[in-house]
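Scrolling down, you'll hit the structures one after another.
Next come two complexes, and both contain subunit A; in the first it sits with subunit B, in the second with subunit C.
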Partner chain A sequence: MINFEIAKLKLLFPRLRPYLLAVLAGFGVVGVLITLMGRNPLDAFSTIITVPLGTAHGLTETFKKFVPILLAGFAYAIPFHARLFNVGGWGQLLFGGIAVTIVGLSLSHSPPPLFLFVPLLILVGFLAGALWAVVPAVLRAYFGVHPVISTIMMNFIAVYLVNYVASTAPWAETEAAFAGHPKTLPLPTEARLPPLGIGGHAGLIVAIIVALAVYFLMKKSILGYEIKAVGANPTAAQVFGISIKRVTLLSLILGGAMAGLAGAIEVMGVHGRLIEGMEFTVGASLGIFGILSALMCACNPIGLPISAFFMSMLIVGADAMQRTMMIPVEVVFVAIVLMVLFIMMLGEKMKMR
Partner chain B sequence: MLEDITTFLEVTAMSIVPYALCSLGIMLGARTGVLNISGEGAMLMGASAGFLGAYFTGNPLIGMLLALAAGGGLGLIFAWLSVGLKLNQFMMGICIYIFGMGLADFIYRLCFGVRVLPPLIGTLPKVAIPGLSQIPIVGVLFNQNVLVYFTFVLTLVLFLILYKTRIGLETRAVGENPRAADVLGVKVIRRRYVCVAIGAAMMGLAGAYLPMVFTGTYTPLMSAGKGFMAIGVAILGSFRPERILAGSFLFAGAEVMSYRLQLGTGIPWQFLLMLPFIVVLIVMWIFYKRAEWPAAIGIPYSRE
Partner chain C sequence: MTKLSATIRKMLTGLTILGKKMMFWRKKAPAPKFLRIRKAKPGETVLEVKGITKRFPGVVANDHIDFKIKAGEIHGLLGENGAGKSTLMNIIYGLYKADKGEIFINGEKVTISSPVDAIEHKIGMIHQHITLVPEFTVLENIVLGMKREKGLLGLGLKEERNKVLELSKKFGLEIPLDAKVKELPIGVQQKVEILRTLYRGAEILILDEPTTSLVPHEVDKLFTSLRVMVRKGLTIVFITHRIREALKVCDRITVLKLGKVRGILEMKGATPKKLVEMMVGKEIEISKSIMFAKLTKKRISPVRRSKKPILVVRNLKVLEKKVPVVRDCSFEIYKGEIFGLAGVTGNGQKQLLDTMIGLRKADKGDILINGKNIRDLSTFDILNLGCVYIPGDRIKEGILPLVTVAENLILGCHKDKQFCKKRFFLSWLDLKSLSGTSKELISGYSIKTPNEKALAATLSGGNIQRIMIARAFSRPASVLIADNPTRGLDALSTEFVLKKLIECKSKGIAVLLLSENLDELLKLCDRMGAIYRGEIVDTFERKNFNKYKIGLAMTGGRG
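Our next item is the complex of A and B:
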């Protein structure tokens, strides 16, 4: 039995090796950059690691980031298995947030029963994200348009939509708009996600449920099998009676729904409203970190929670490093992209061998 | 009315440059079979490097050279990943886009930190071409900054190289049928590296145009999707330089109109700014399959 476990570990190590190497290389680059800036890299590393993991506040912040990054990661990962690159997590996430704000505000005068309000809004976010992915999905399925281009266009459309909703009656807060920092009225407290102690807010529960659901979708369900079949060999899949159009539509729209959930949870759990500027600080950054964490684990549904947590940890750590040591967060951002590139390169090398 | 048309032409000609340069850069790589979608990242790198170069030396030319180098460097990394290591072009495009975006911000922050008032550079002066700039109405096309002229000349040069010289023929062959080109003695891999790098350098210059002409300073994400719209322009123009210039005119015109329409009409400005992106989606819907794609696009080449 013990021998068996050791054998398993021995098998696991070569598979983990590229990840360890990449993480080391990434930290190496950060170290060099920080040294060049004339700071002590060891201090920076200890801040990056101890603040998000070693302090209660840091851990809470990490979980708060983890939830939307994991969901935005699934938004990229699910369609990826059908070889569809959904770079639109950013826009789908924003549209989820927009929908939740609009529905939440219009229901605030005649709120539904308390136990229904939050689940209803989460459903709204899910559907809104799905809706935002319909255009790229249809363009791909029927007109062949590569989703990278169409989803990015949808991102920018959502960016301006956020600004519109945040600065227009009846949703906008008038004083804020006059002051030049448009934002919407706050969502009623009943529509907010309740806090969850050290785990941040109740969005964590949603994220865990979704992660389990995606695992079953990809590993146990027929649709998951079809998605992977189309990704591996579309011609063969078609011969065996799988409709490529159907898989394209479903996987992209499901991916959009994941990002929509992320946006809904971010608005309901953290900000409580739409704020101008969110389109970049929340939309772009979470969408992009979602893609990066999905790329980091080759879109594996079990690996994604790990890489999303790692990513959230780095973000919170980098923030702390910027505050205490005045080192710009972009250092860590650049290093993360390098790590992802290293992992993909090493992964490819191993495949060739 | 006449006044309006003149102003429209003048501003549109000025706004063509980022679309056209970036799109020509995409075209150059695509003609060898490598679609580099990281134009947005290269533009941001170019904007950051170009701004810093012009700011610290006071010479916009040095800024432009730095922007070319920054874009070209990013293009070389992209070429190494997608041509050399044969990784998926679209995925690498996304990674390099994110990388360029992060690096551009990082370099800027490294030099300036956080400032309340942004550092400024003087914008490029307009150079009137004697004689031509006196023509009524279209004369405004000949009273522009140097990069506008450069873009027009570059389009012509690229057209002549691609369609009238042996080098151009070889380059197109690499994108259509790399095996045949290889048989005839064209170094496929090297040609791809060179074209992708030059193309990305042009994207970098397109980025430098933004602080040098429009804003006078670098702000994060300042290219606002232009690098991606340029992909739409390249597809709309079927990867041909002269059609790309025409396509850029369409997009620049739409952009100018969207600013113009904010005055007087009741349409919220946010919807007007969405317009160019919606135009791209419609262009994709109609032209994506009709465009004359180089046959080898997206397929890594190996001799085996």
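Our next item is the complex of A and C:
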């Protein structure tokens, strides 16, 4: 039995090796940077690891980051299996947030009970994200426009749409600007995600359900099969009766819906309202972190929760490190970016052999 | 992604080579290597490998291979697909690294870790598929990437032209140097590849399945020039799975089977029967084989022609960029009949098939399956009407490389009731039935794979073709469209495919068979049409089959 386990580990190790190497290399470089700043890198690393994992507050914060990063990760990962690059998670997330805020505020005079209101708003976020992805999906399927370009354009539109909604009449909070950022009125309490103790808020449950659903979708459903087929060889897929247009539309829209969910949960669970720039966490958009975690695990639906959790841990840890040791968070971003690059490099190298 | 990284890698290698060249730029260039062809005594061993072993996950591709090549001979390397021929040559050419074993050149032990090393040891390889830049002229292609003596700017084509001309005269490879490669027939393009390799100083030429994409008279021409080259002092390794070709051109033949050397034959003692036995064992009975059958007028199996045709193509016209590529094409296929379509590649066959399976829209005309017009149906609907398709280019159109063998086997029928279950408002794959069916197909069609979950990209060409065949024949059908189903296959696989085609016929399926191999069509078909410039110029009944008449029709001459 033990031998069997060891054999299994031995098989697993070569596959995990690039990841371990990449993490070591990333932190190695950052260790040098921190040393150059005249601080002790070991202290910094121990803060990065112990605060998010070892303290109750840290763990809660980590889970709160984990949910939107995981969902934004799926927004990139699902279309990626059809070789479509959805870098519009950012905009889709924002549009999800916008829709949830508008619907939530318009029902705030006589809010339905929580068990109806919350699922309704989550559905609204899902649909809004999907709607935001319809544009690049249609542009790709019918006009051949590359989704990288169209989704980036849609990101800009969404960012300014948030600005508009957060500073325009029926929705905007007119009194006392929130640290200079325009923001909307708060959602009624019936529209907030209930807290979940150490797990942050109820969004975690949504994220876990979604993760399972995506896993089954990619591994066992016909749609997942067709997405993989188109990604592997579009010509062959077409010759054997799979409609590329349909797969393009569905995978991009589904990806958008994931990001829309992330936006809805961010509004309903963390901020309680729409705030300009709310999607930024320590310096970069949650949508970008989603893409980074998806890249880290080659868009594998099992790997994504792990890499998303790792990513949120690093974010929370970096924040703590900045506050306690006065080392700028950007240092940890250097580590994250290097890790992604190393993983891709080593992964490609393994493929070549 | 992989493609991109491969391109980047190529560019990087290119840059490194360029860098190396620049360092030696100012040194005086040595006398060109190719002019001093060493007069090795015929019979002397020029290349020897000892104990070469190479493992790939799940397969031993080369198992302690010992192998000698003598100067001035054409040495055949014969074996089935997956016997390890190409692996062995890729090791010698430095593309793969052997796990074990040694390589000796002229008795000296050498290490070859890249094609650059191989060229330094005067070994050149010509791959199965053409690797020239189609937009460039012949001369530009030959000179491309070479170190030149005059500066880095300017191609210096004038000086090189004479050298190339000298080489081409010497080896009887006369080619118009200023023609663009894309305008030349494949046979000539291959000569350009050979000349390019010679220009780089190769004295030992490895040709990997060079006849795959050639038509019969081009094969003859190639063999003639190989003879000339050998007479001028070169040594040639000829990789093939075609016994007739090996017998026709080689001086000695080494037969490989399953990664091991089965024997080395001098030409005197070699007979086709002996070679087949060494190559495939006793699995093929030559007397019963379809592939080794002589071209006779005897029917391989009877036709049971019904009155109503199953597949009818009527006055079909297809436009590509406003130019007709299929014009006024009409034929019909009856139940249990194999209808052959003979033609030189590029005469509208591809477009015709694309239209028949719904990838292209017809401009005019109708296509009927069992009386139903399928002209405006989608591919999915056409396949569901009982039309089964074996694509001609299995890599481009047939296989999902990074997807498992099992999932490849159900491509196209993944929405059939057998595999598709509706639950929770969605359709799900029935994984049990998937793995069960795929295991059955893997053993039934002898697909060599570690298990059904292996990635299709890891399989050899012959086994990928078996996936195509298994996929096509496992679905009930009334029409089978097979585009070159035996292209690039070895004896055993070819035999297998031909038998399956005849089986289809006996099941009453209407078969449309396209092949570049006229012999194959002559053996199998009940009727044959010759296509030329998108038009079926003539149709032949089996009793009127005549190789030369059909050949003439294929090239546009009537008569």
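Assume the second predicted complex is superposed on the first by the 337 of 353 C-alpha atoms of A that agree within 3 Å, B and C clash if a C-alpha of one lies under 4 Å from a C-alpha of the other, contacts with A are read in each partner's own complex, and residues count from 1 in each chain.
The rule we apply is simple: a contact is a pair of C-beta atoms (placed from the backbone, for glycine too) under 8 Å apart; a residue touches a chain by one contact, two chains touch by 3 or more.
Everything numeric in this text was worked out from a predicted model, so none of it was measured.
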Taking the superposition as given, does A:163 touch the first partner, subunit B, the second, subunit C, both, or neither?
first
Which superposed partner A:225 touches (first subunit B, second subunit C, both, neither)
second
Is A:21 in contact with subunit B, with subunit C, with both, or with neither (first, second, both, neither)?
neither
Subunit A residues touched by each partner, larger count belonging to subunit B or subunit C
B
With both complexes overlaid on chain A, does A:284 touch subunit B (first), subunit C (second), both or neither?
first
Mind working out whether A:85 is in touch with subunit B, subunit C, both or neither, as first, second, both or neither?
first
Which parts of subunit A are in contact with subunit B and also with subunit C?
348
State the interface residues of subunit A toward subunit C in the complex, per the touch definition above.
216-217, 220-223, 225-226, 228-229, 232-233, 235-243, 348, 351-352
Would you mind writing out the residues of subunit A in touch with subunit B in their complex?
37, 85, 87, 135, 139, 143-146, 148-150, 152-157, 160-161, 163-164, 167-168, 280, 284, 288, 291-292, 295, 326, 328, 330-331, 333-334, 337-338, 340-341, 344-345, 348
For a test of understanding, state which residues of subunit C touch subunit A in their complex under the given definition.
1-2, 5-6, 9, 357, 359, 378-380, 382-384, 389, 391, 396-403, 407, 411-412, 414-415, 420, 426-429, 431
In the complex of these two chains, what residues of subunit B are touching subunit A?
37, 81, 85-87, 90-91, 93-95, 98-99, 102-103, 105-106, 109-110, 113, 220-221, 224-225, 228-229, 231-232, 235, 268, 270-271, 273-274, 277-278, 280-281, 284-285, 288-289
